[in-house]
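Each in structure tokens, the structures are laid out below.
You will see chain A twice below: alongside chain B first, and alongside chain C after that.
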Partner chain A sequence: MRSPIYLTGTGQTRFGEHWDMSIKDLMEEAIDSAIESAQCTALDIDMVVVANMLGEVASDQAHLGAMAASLLPHHPPALRAEAACASGSVALHTACALLESGKAETVLVIGVEKMTDISPAKIAAGLMGAADAEKDAPSGLTFPGIFGLIASRYMHEFNLTREQLNLVSARHHENAMSNPFAQFRKEIPAEAISMSPKVADPLCMLDCSPISDGAAAVILSTKKENPIRIAASQLATDTLSITDRPTITSFAATKDAMAAALEEAGINQSDIDHLELHDCFSIAALISLEDMGFANPGEGISLYEKKGKMTINQSGGLKACGHPVAATGIKQIIDISKQMKRSGRTYGLAHNFGGAAATCGVHILSHA
Partner chain B sequence: MRSPIYLTGTGQTRFGEHWDMSIKDLMEEAIDSAIESAQCTALDIDMVVVANMLGEVASDQAHLGAMAASLLPHHPPALRAEAACASGSVALHTACALLESGKAETVLVIGVEKMTDISPAKIAAGLMGAADAEKDAPSGLTFPGIFGLIASRYMHEFNLTREQLNLVSARHHENAMSNPFAQFRKEIPAEAISMSPKVADPLCMLDCSPISDGAAAVILSTKKENPIRIAASQLATDTLSITDRPTITSFAATKDAMAAALEEAGINQSDIDHLELHDCFSIAALISLEDMGFANPGEGISLYEKKGKMTINQSGGLKACGHPVAATGIKQIIDISKQMKRSGRTYGLAHNFGGAAATCGVHILSHA
Partner chain C sequence: MAEQQRLAVSTFSLMRNTPPQIHRAQKDLKLRMQEGTIVSFTTVHHVPEGFPTGPRVIGLIELEDGSKVTGQLITDNRQPTTIGMKVLPKMRLSRINNQGLRTYDVSYEIPVQQTVKNEFPGYVLALTGPSGVGKTTVSILLSTKVGKYVERVPILTTREPKEGDEDEYTHVSSEEFLELKNSGKLATFTSIPSRNEKRLYGYKIKDIEAIWKQKKIPVIITEMNLLQGLASHYGRRSILSFGLMPPGKSKRQMLSALLHRLRERGRDTEQQIEDRLKNAEEDLKFFKERRELFDDLIVNDNLDTVVGHLGGLVLERMKA
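Right after this comes the complex of A and B.
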């Protein structure tokens, strides 16, 4: 970071099924809430970055930057950033660049997704836009299928049992009990995970994050100081298609983004107190823990078998909070900041990826 | 500009109907051509920004940042930026911020659109995503209809005749004769414009830019010097819906972006030697000339009635070059740079908007 970037405001809708709210309504609620929490007024916002993946598919709506700017009295310059489920992270990274370049002093970043208005089949097809339409889609695979293949291979390579994998979603559901913004605030015993309907062998329904509506907004500023600031913002990219990779049980983009983020923040992974990671499917949580260096390959499950000093998806993660895809990366920042305020601890990390981690964003927050 | 940003490479496909090329093929051709023209190799590219509007609608493809990065051997960090037909401009602005912030030293910016694979009705519906899906779309209007209303009102307010309006598209077609990348290299006499089929009264088919496939790429660098550099990059936003505005014969976003760009470059509009403006419909060219201060309100047509020292859409503009929407803002930069190299003159300006100018980007290039 060339200049310190402070997190001065946060706001979100509850994640879930909002039948009575449009994409604009969702944005409005999150923006109002972020401005109310910030040490600024709407007029202090110099620029807006909107993260969104499915506006065209589910709401016939592109051009969401201008829509968000229309909700502010002075219509500041705005744009939409997209990288599938990592849209939140690329929007945050863009906002950091706008701030560090001096183009803006206060930037509103809002992630929004409206997914429940169209059929699950159409949403699954839209989400498949995160993979390669020429190389991956023709096989008939959707994302549960891709991660089903990944889980099969991982269980074969590392002798992970189905009972062990159950621990991931069970922990996330347990954590969500105390999060009022979570879509599912319901404890689910570990053995119930693998008893839920099979979606893509070996993954069951309760291994998968749900389809959700929601919006999450943060206000970042170089002008107003705040105890919580962005210590690192890094993106990395891998091949769009998993068919072009040497392995599917490890994601190069996570490794690259993590290494760059730790270097930027000047810390080690053992310094992280709170982690929000991208558990779009239960298996993704384990692979991500390993790729980030929190566990050796094949040993990610150990962090679910017993709790360590670092909290993992205390919010409930994508599984239990819900996963309005482009809002997720922003929501992670909000949750990390809340966790640091509550615990008084210093470093939180948000890990967010798109597709099969073709894009990965890692953001580190520090608490003075 | 905090640090000078140089235009070190440019490349594009011909704009037109590329039945045999996918969105990936189009990107590949433009990227290869930009790298070949640049004083760098693919490995020098630190980041990629992709401008695209209609990937989901026309190609079932989101996540185009990762797709572009997949075409480079080292998969640099990448994201997609979107603001409807101003996607090219917001991508350029994002790239400038990445460069000025120090996050990157060399950025590839590529605009791409694949529009001819689906029916005109579906493309028209997709393009309507640039307007407000709640306020504008329910009326049944599409963009030719919106600009038909704007043209009607303009002709009423300023007594512009249909014969005068013919001069705009006729000039753009004349200019495209010398542009090998233009979709239509065919001179069209002024009187033929208003004899073409009526699309949305008073606009005829030849007042409208076409549906096009195409890609355009530039390489921007703070590291490698080049005689041509970015002197200003500015965005402005207006209400997404035209129903929320005090007038429809002038676009506030153009005025705001232009004023900010002239201030950033430290010049007056009379210093501009070459102009590429956003003539999505003929009437838009006149309004834009007035909003940019090149003519008084109602007098934009005077710049088509006789030629001045400043060239206007020498490339052929959107009308004759074609308008693969997100590629247009990048293609304008390529054309401006070619014009400055040929003429040896100093300042060129690219004006690009999305929707009914809900987002406007103005970029000024200078030639040392």
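Right after this comes the complex of A and C.
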């Protein structure tokens, strides 16, 4: 970071099914609570960056930048960022660039997704927009299908058993018990995971993150000092289609973004105290741990078999906390900041990807 | 029109379905017509709108030229699918859009593992069709009409005997069936799940060979899995394969003809009839998708014509 960027305000809605709230209502609740928690007023906000993927598909609503700005008294300039499930981290990265360039001094970043208004089939088709429409979709693949292919190959290469994979979702559900904003605050025993209905072999329903509504907002500033700072903000991309990659059991974008983020923050991965990673499907959690260097290839599961010093998805992750896609990347920042404030430890990392990690954002937060 | 109705025509807004999109997609179909190897595969249980309902097996395939594609996998239910298997490309009708434009796509088939048979064992007459279409009636009439030349092969089954079964089934216990299967005494077999149990069906090699020894053509009443098994066991050219279709111009009319026949027959409860009609839809789809497994598709609207036609064919083969 060329100049220090402070996390001055955070706010979010509960993640889950909000039948009585529109996309605008969700944004309003998150923005209000972010401003309330910040050391500044609404009028200090110079720009707004909105993260959203499915506004057009689910709410017939585009132009969300102006919609978010209209919730503020002075209608600041606003724009929208989209990168499927990585929309949140792309918006954060954009905000950091605006702050570093001096174009703005205080930026509101809000991620919002309204997913429960339309049928599951329609939302699944919308989410499939994160893959390559010409190469992946015509075979009849769905997103769970893509991760089914990945999981099936991973289990073949590394002899991971179905029983071991159960530990991932079970841990995330256990963690969500203490998160008041989580969609599912319910413990689920490991053996129940593989007993749930099959979605895309070998993945079952409880391996998949849910359909959720929700919004999360943060206020970043170069002027309003706060003990919590953004130590690194990095993005990386990979081919849109998994058919164009040499391997599907490792994601190059995660590796690239991670390496760049560690360099920017000037730390090693062993310095990370709290991790929020992108577990859109249970198998993605294992692959991500390996790609970020927390485990050797094929050994990601060891971090779920026993707990280590670093916490993983203390919020419940995407599985149990919920996954309103564009809000997730921003929610991770909020959770990391809470975890650092509570533990007093120094570094937290948020790992957020879109599609099958065709875009990956890694943000490192530091606590003074 | 009947053809179109047999494939689900549905409105799906998010699939690439407009004529220019389909046109562009057709251009690289040729590139995907290559043999390949399965890199990974999955069964998608909730398929996107616009595709035939029911689970769909999809593979990530590495083609001969090193490129990778995703495509529907046509699996062989007699051997488990595994990563690393070789697959062959196969052009299939994928869907029909609202304007009636037919979209073909490349799927990948796991070739049935078989030793190449040089000898020709003899002909088998196979009748395939949905329940209630009249396979048994046709076979009975055929054996009265050209009984000198044909004989029916009993179907080996583990299901409970029922009234009206006549002599078309040989009933065995599941243990006996598996014993026969494991000792390689069956030409082909399949399991058909029903509401309460899994039922096994098959044919004994001994029964078929006994008929050949009498210089007769075995007549086999079959269904889609058994037919594929027979074709791989004896070779496709040994099978005189006929699909029997109910009369009717559309799928709805055909299914309604079946419904009437099943009710008239009075062997099944309404619940069972409902199940049979569901399977019948699959059978009708199979005729279309695997047309190469049939020498001819015959509409069973007049028994005399059908039996006359098949009888004539048998006489022709016997004389040849």
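Just a few scattered comments:
By our rule, the second predicted complex is superposed on the first by the 368 of 368 C-alpha atoms of A that agree within 3 Å, B and C clash if a C-alpha of one lies under 4 Å from a C-alpha of the other, contacts with A are read in each partner's own complex, and residues count from 1 in each chain.
Note that contacts are C-beta pairs under 8 Å (C-beta built on N, C-alpha and C of every residue); 3 or more make two chains touch, one makes a residue touch a chain.
Everything quoted here is computed from the prediction, not taken from an experiment.
When the two complexes are overlaid, the chain among chain B and chain C that reaches more residues of chain A is B.
In the superposition on chain A, no contact is made by A:N175 with either chain B or chain C. Of the two partner chains placed by the overlay, only chain B lies in contact with A:D238; chain C stays clear of it. Of the two partner chains, neither chain B nor chain C is touched by A:N166.
Judged by the touch definition given at the top, the superposed model places A:S33 against neither chain B nor chain C.
When the shared chain is aligned, chain B and chain C each come close enough to touch A:A125. Shared-chain residue A:S101: touches chain B; no touch with chain C. Once the two complexes are laid over each other on the shared chain, residue contacts for A:A133 go to chain B and to chain C alike. When the shared chain is aligned, no partner comes close enough to touch A:S366: not chain B, not chain C.
Using the contact criterion defined above for the overlaid structures, shared-chain residue A:L141 touches chain C, although it does not reach chain B.
The intersection of chain A residues touching chain B with those touching chain C, taken from the two complexes, comprises 57, 125-126, 128-129, 133-134, 137, 244.
Residues of chain A touching chain C in their complex: 57, 120-122, 124-126, 128-129, 133-142, 144-145, 148-153, 156, 197-203, 242-245, 248.
Contact residues of chain B toward chain A in the complex are 2, 22, 24, 48, 53-57, 59-67, 69-70, 75-84, 90, 93-94, 96-103, 125-126, 128-134, 137, 234-241, 244, 354-355, 358-359.
On chain C, the positions that touch chain A within their shared complex are 12-16, 24-25, 39-49, 51, 56, 58-60, 67-72, 83, 94, 105.
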